[in-house]
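Both of the next two complexes hold subunit A, though its partner changes from subunit B to subunit C.
Here is the complex of A and B:
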C-alpha cells in the first residue's frame, strides 16, 4: 500500500505506535509473551473490501487523530475492531429484531428503522459518501488531505451529505464504532496494548480498588489489565 | 552331604507347608470386645448416623450409580480399586452376610469367603468401632437400604498386589491394635470427638502419615504421628495437631463451622475434604461436629470452650479482616499499587485481589484466606496450581447452601505466570514455602499430575 495524499503516513503511524508503547511503561517486559499483531498495512480484512478499508483507515484517523495528546485510532487499531465487528454478530444484526415493518423515514427517536444491517449500512454508505466527496471535493474521501477530510466529515455529521434514509445512521454508527474500538477491551481487536486505557488512566479489568476511593488527589499508579490478562 | 540335603529338603518342605497354610488356612476372626444381648436394639437413627459418620456412601457409590451399590474407582498407589456393592442384594451385594461376616469385614478386613480386603477399605479405623455402632450399622444396611442388583467390578491390580494373601502379611504389621474404642476421658464431648475421629470418621486414613508398609503410622491419639498430616493422591491432608497444624489458630467454633459447612472464617474445603463434608460431616448433628472440633483442638492440650451452636443462621455481619503483623508488609505493597512490584504481586493484583484482598485474609465464610492456608503452603504444589488453573467450588451444605465458585484462570494466565503467582503466594503475608516451577504447572494443565 502506498502512502496516499492526506492519508496518515506510515512514518506517523510508527511514531504514534512508539508513543503508545512509551506510555505503556512497564509493558515491555510484562508483555513479552504477547505476539505483536500484524501491521495495519498487512492486516487481512474479514469483512471490508479494499476501498472500504481505505475509507475506514482514513476516517477513523481523522475522528481520533494521531497528532496531539494520546494515541490515535490507527495506533490503537480501531479499523481492525470495526472490520471484525462488521464480520461478526454485530455486523449482521444477529440478535436484533430485523423483521420489520421498517420505516426508515420515522423520526430518529424510534430507533433502528432501516432494513439494513450495520454491515450493509457501511457497504452502501461508503461508496455513496465517496461519490459525494468526489463531486464536492474532487476525490474520494481517502485521497483528500486532512483538512478537506475534516470538512467532509463535518458535512456528513451535519446531514449535509445526501444519503438515503436507509443510510441516515451511517455517521452515528461510524463515530460510535470508532469510540468503541478505541476504548473496548483489546480482545476485540482495537485498543491495542490498552493504549487508550493508559492514556485516560483507566485500570481495566482489575476491579480491586477498595483502598483507593478515599485517597483523594492521589494518582492511581498501576497500569491496566485486559480481560485476557495482558498488562500495561 | 546326604544329611545336609535331607535337612535342606526338610526346610523347603516346611517352608512350602507354611506358605500354603499362610495362604489357605482361614484367618481367625477377632471377637467383639463386648457381647450385646440378642434382643439389643439400636437407638432411633443410630444406624444412619453411623453410616453418615463413616462416610460409607462416598466410596461405595459411583457418580452415576445407585447409593451404596459400589462401582466407584478408588485411586491407590498400586492402581484402581473398585468399591463394592454393600446393599443387601443376595447375589451382588451383602444380603447373605451374617452379622459375624459383616463385623469381620469391618474390623479384620476379611470377606466371608476368606478374601482379604484391600486397605482402601479403612478397617484399620473401623476396627475401633463400638459393638453397638457395628450392630446398628448392620441392621441399617440390611433392613433400611433397598437391595440393588449391581455386579461388582473386579479390581485387577498388577502383580504382586493382585496376590491378596499378601494383605494377610500386611495386616500383621498394620492391625496390631485391639478392636473396640478406648476413650481418653478428657470430657464427654472430647471422648465423643475422639471416637468419631479415630474410628467412624477414619480421619487418620488421610491425615496420618503412612509408614514404610503403607499402613497408617498410628491410629489413636496415643501415638505421636497420629493426625500429623499425610499426602493422598498429590494432595496434602494437613496436620491437625502440633505446630504445623493449619487449624492451630482456629477456635473450636470455627473448626466446627468448617466441618459442618465446608467454610469458616479462614478456609474453604477442597478436594477430598470437600467430599467428606458433602457426604458425611454436614449430616452429623451439631453436637458431633462440635465434639470433633473440641477433640482436635484439645489434642495439643489447649483449653477447650464448647460453643452451643455452630454456623448461626444468617445474615451475619462479618467484619472485614485486617492484615496482621506478619502480613502487613505484603498488604501495604499491594495497596500501594506500585508498578514496580514483583510480577507475582502484579498478577495477584490483577486477578486475585478483588476477592482475597490485600490482607490475604479473604472474606470470612466466603473467600478463603491465603495467609497460612494449608493448600497454599503445602508440600504438594499441584492442588494450588489446580485451583488457579481450574477454579474450585464449595459444596452446598444444609446450613450454608450456596455453592460458592472460584473461576479458573487457565485461559488468562500462562504456565510461567501461574508459577510466578503461586511462588509469590507461597512467600506472601509471612507464608514460607518453596517455589513452584512452570513445569509443574504444565503437568497439571496437561493432566499429567495425579489429579
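Here is the complex of A and C:
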C-alpha cells in the first residue's frame, strides 16, 4: 500500500487508534444527539407485515451475513431500507408503465411484464417461498438454521423454487434491494453509520477530488460523509 | 375543449440541447418563440445542487431525472414475428425528462463523426465494392459532408465548452491528439483533462503496442471558461457524479450551463413546462404545419399553439413517435416491401469491454468524470479493412474512471459469489482495485430494425405507443468480436491478477433489462431525396417545409461515437439554414 505524504492513510489510522471503534463511536455519538434509531426488533414497519418482516430479517442476514470482515445487512439496517422502499413510490411502481395486457410468461429478456408492483411481488412471493421451505425443509424460512437458509436461497436463485411467472423476479428484486440498502446513503434507512462505505473505502457524498486525478496508485485517505453531513 | 394561444413565429417541441440551440439562435433574429417542454423546469440551483444531487439511489438507481414510462414509453420486439411488449421500467436506454433533457444527465462524451462515416456507402464502394455490403443492411451516405459540417461542429464545441487536444488541425497531424480524426479548423476550446491512474496505465500499454492513445474529448470543463453566449463554466473537480446526475458545479456541458441562462434573457422567448405536445397540426393543403396541440398539465386541458415554424427537438424516440402520430415525415416504412421512410434506419450502439483486477493497486474509482480517460482510434472505421475483416464498422476504446459508486459499479473477478459471505469478502477485497477498458462501436441500419405505431398499447392520452422492432445483427456482432480479439492481448500486457471480457457474440438477442446506452438513432433519417428519408440535408421535413426536426433521429446509420457532437453540429447547420435561407423565403430548401 502506498501512503500519501502528509495524510494519515485510512488503514494506518484504523490500526493506530483502536479505531474501528473510535470511528463508529464518533458516528454514534453524532447520531445520538439527534435521536438513536430504534432497534430492529422494535422497528415499526411501514409496509411489511410481521411474517414478511421476519422473512426479510432472516433473508438479508444470509445475503449479507455478519460473519467475517465488514458489516452485515442487519448491522447496516438493510431491512428498514427495504420496508421503506416498498412503502414508497418504488414499491408501488409509480414511475412504471403498468397498463395491460400483461405477458408475465414472456422471456425474461423482455423486461418487467408481470401485472404486479414490486411491493405486491414481495407480498405474494414471501408466503409462496415460505410454503416451499416448509415442504422442502420442514419449516418456514426464518425458522431454518443458517446452513439450510443458504441452501434454500441457492434454490431460489437457481430457479428451483416453483413460483408463478408473475413472481419470477422475486429473487433478483430481493438481492438487488438488499445491496441497494447496504450501499445507499443512510437517509434511506440502511447503510447505518455508513459502515458499508467505510468497509470498502467509498467516500460517500464527498464529491470533491480536485487534487486526486494525478495522485496515481495512492489510496484515498478520508472516510465517508453522508448527504446529511455525518462523518464516519 | 381546446384553448388556443396567440400565434407565435416559432414553436419548439422539447427544450433540451437542440431546442435550446434553436431557441437562442432564432431569438437573435427577433422572432417570437415559445418552447413547450413535457417535463418540469430545472436549473443547476436549486435542482442539481450539493449535496442532494450526490445520491446514487435516487438518481443512479431509481432514475429520478429520467422519462417516466408511466408518462411516456414504447413497446419493443426483436422481430416482426414477436408481439411487442411495453418497456415498462427503464433499462436498456434512459431518455431524459424536464428542461435540459438528456443533456443534463449525460456523461459529456462529445465526439465528432469521422468524415468517412458521413459517406460510408461511397467509402465502402470505392475501397471494397458494394458486394461486401451484407444483405439487409441499409448502408447510406449522409446528404451533408464533414467539410460542410465542420464550422458547425466547431460552433457547438465552443458553446458546449469541450476540453481536448486536436489531432488534426487543417490537415496537420498534432502531437498528443487523435491522429485519425477529421480535420479541425481550430484547437479545442479548453485543454485536455489530467489522466487518472487507470487511463495512464492503459495509455502506456497502448503506446507499447504501437497504438496512438490520446486524452478523450470531454464536455467537462478543464478550466474556467466563458462561451460565446457569455455563459460561464467552472473546472471539474472529478466528483464522479456525471452520468444520470445533473452537475452541481457548472462543469458539465448542458443546456443549463451553456445556453438557457442566456436564452431566458430574450424577451421574445418564453417556455412552458409540463406541456406535452400531442400532435403537430397540418394545413388543409398538407404542405405545411399550422402549429401544435399540447396537453397543459396545470390547466388539465388541450391547447392549440399556432406557429409559422415548428421545430421538433424532443428525444429521438419521441420525435419519431410524434411524427408517426401527426402524419409528418413521409409514408411509414414497411420492412416487408421496403417502401416508406418514417421509422426506417433505427440504429443503436455496439459496445463491449474488459475488466482488469489488480489487488495491490489503488484506482479510487469515485475520482473521475463521465468523459474521463485515455482513448484510441486504431480500430476505428477509417482504420479497418472491411473486406479482409468481414464486417463494416469500427470502435473507439477508452479507459478512465467514472461512476465509481458502489450500488452499480462493483466489478468482481469471475467466480466471486453474488451474495453471502463470499460476496462480502469480495467487495472488501476488490472495490477500488479494478479498472476497465471499453469499446464503443458503430451500429449500422438494417431493413428489419425500425419504428412504427403499436396496435395494442396506448398512453395516458389514448394515443398508440410507438413500437420498436430491434435486434442485434451479425455484422456488428462480428465487429464486436474483432474488438475483443484485439483488446484482450492489450489488457493481458498490463499483467492484471485476473481479467474478464464482456462482448456480445453472434447470436446475441436484444435484452431490454440491463443499461446499454441511450444512443437511439434514426427513424426520421436525412436523405438526398424524399424517397429515401424523412428530412433533407437541412433537417427540414420533405413533406412539410415549415417543420424542422432535430436530433439523432436524423442519422442515416449510427457512427462509432457518442452522438451528441453530430447532433449539435447538425442543429447549428439547420438553424443556420433557417436564418440565412428560410426566413426570407419560406419554402422547401432542397
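For this structure, a couple of remarks:
To be clear about the criterion, the second predicted complex is superposed on the first by the 198 of 232 C-alpha atoms of A that agree within 3 Å, B and C clash if a C-alpha of one lies under 4 Å from a C-alpha of the other, contacts with A are read in each partner's own complex, and residues count from 1 in each chain.
Everything that follows uses one rule, which is that a contact is a pair of C-beta atoms (placed from the backbone, for glycine too) under 8 Å apart; a residue touches a chain by one contact, two chains touch by 3 or more.
From a predicted model like this one, the values you see are computed outputs, not experimental measurements.
Looking at the shared chain after the overlay, A:231 reaches subunit B, while subunit C stays out of its contact range.
By the touch criterion stated above, A:193 is placed in contact with neither subunit B nor subunit C. In the superposition on chain A, contact is made by A:97 with subunit C only, not with subunit B. Applying the stated contact rule after C-alpha superposition, one finds that A:70 touches subunit C and leaves subunit B untouched. When the two structures are aligned on the shared chain, A:221 is found in touch with subunit B, with no touch to subunit C.
Using the contact criterion defined above for the overlaid structures, shared-chain residue A:208 touches subunit B and also reaches subunit C. In the superposition on chain A, A:62 contacts subunit C only, with no contact to subunit B.
Of the two partners subunit B and subunit C, more residues of subunit A are touched by C. Contacts of subunit A with subunit B, set against its contacts with subunit C after fitting on chain A, overlap at residues 205, 207-208, 210, 212, 220, 227, 229. Residues of subunit B touching subunit A in their complex: 335-340, 343, 346, 349-351, 353-354, 357-358, 409, 411-414, 416-417.
By the touch criterion stated above, subunit A contacts subunit C in their complex at residues 1-2, 62-65, 67-70, 72, 90, 93-99, 101, 103, 106, 108-113, 150, 153, 157, 175, 178-180, 183-185, 188, 196-197, 199-205, 207-210, 212-220, 227, 229. Of all residues in subunit C, those touching subunit A in their complex are 50-52, 54-57, 61-63, 68-70, 73, 76, 83, 85-89, 91, 193-197, 200, 235, 237-241, 248, 360-362, 364, 366-368, 404-407, 418-421, 423-425, 427-428, 431-432, 456-458, 509-513. On the side of subunit A, the complex with subunit B involves touching residues 25-26, 30, 33, 205-208, 210-212, 220-223, 225, 227-229, 231.
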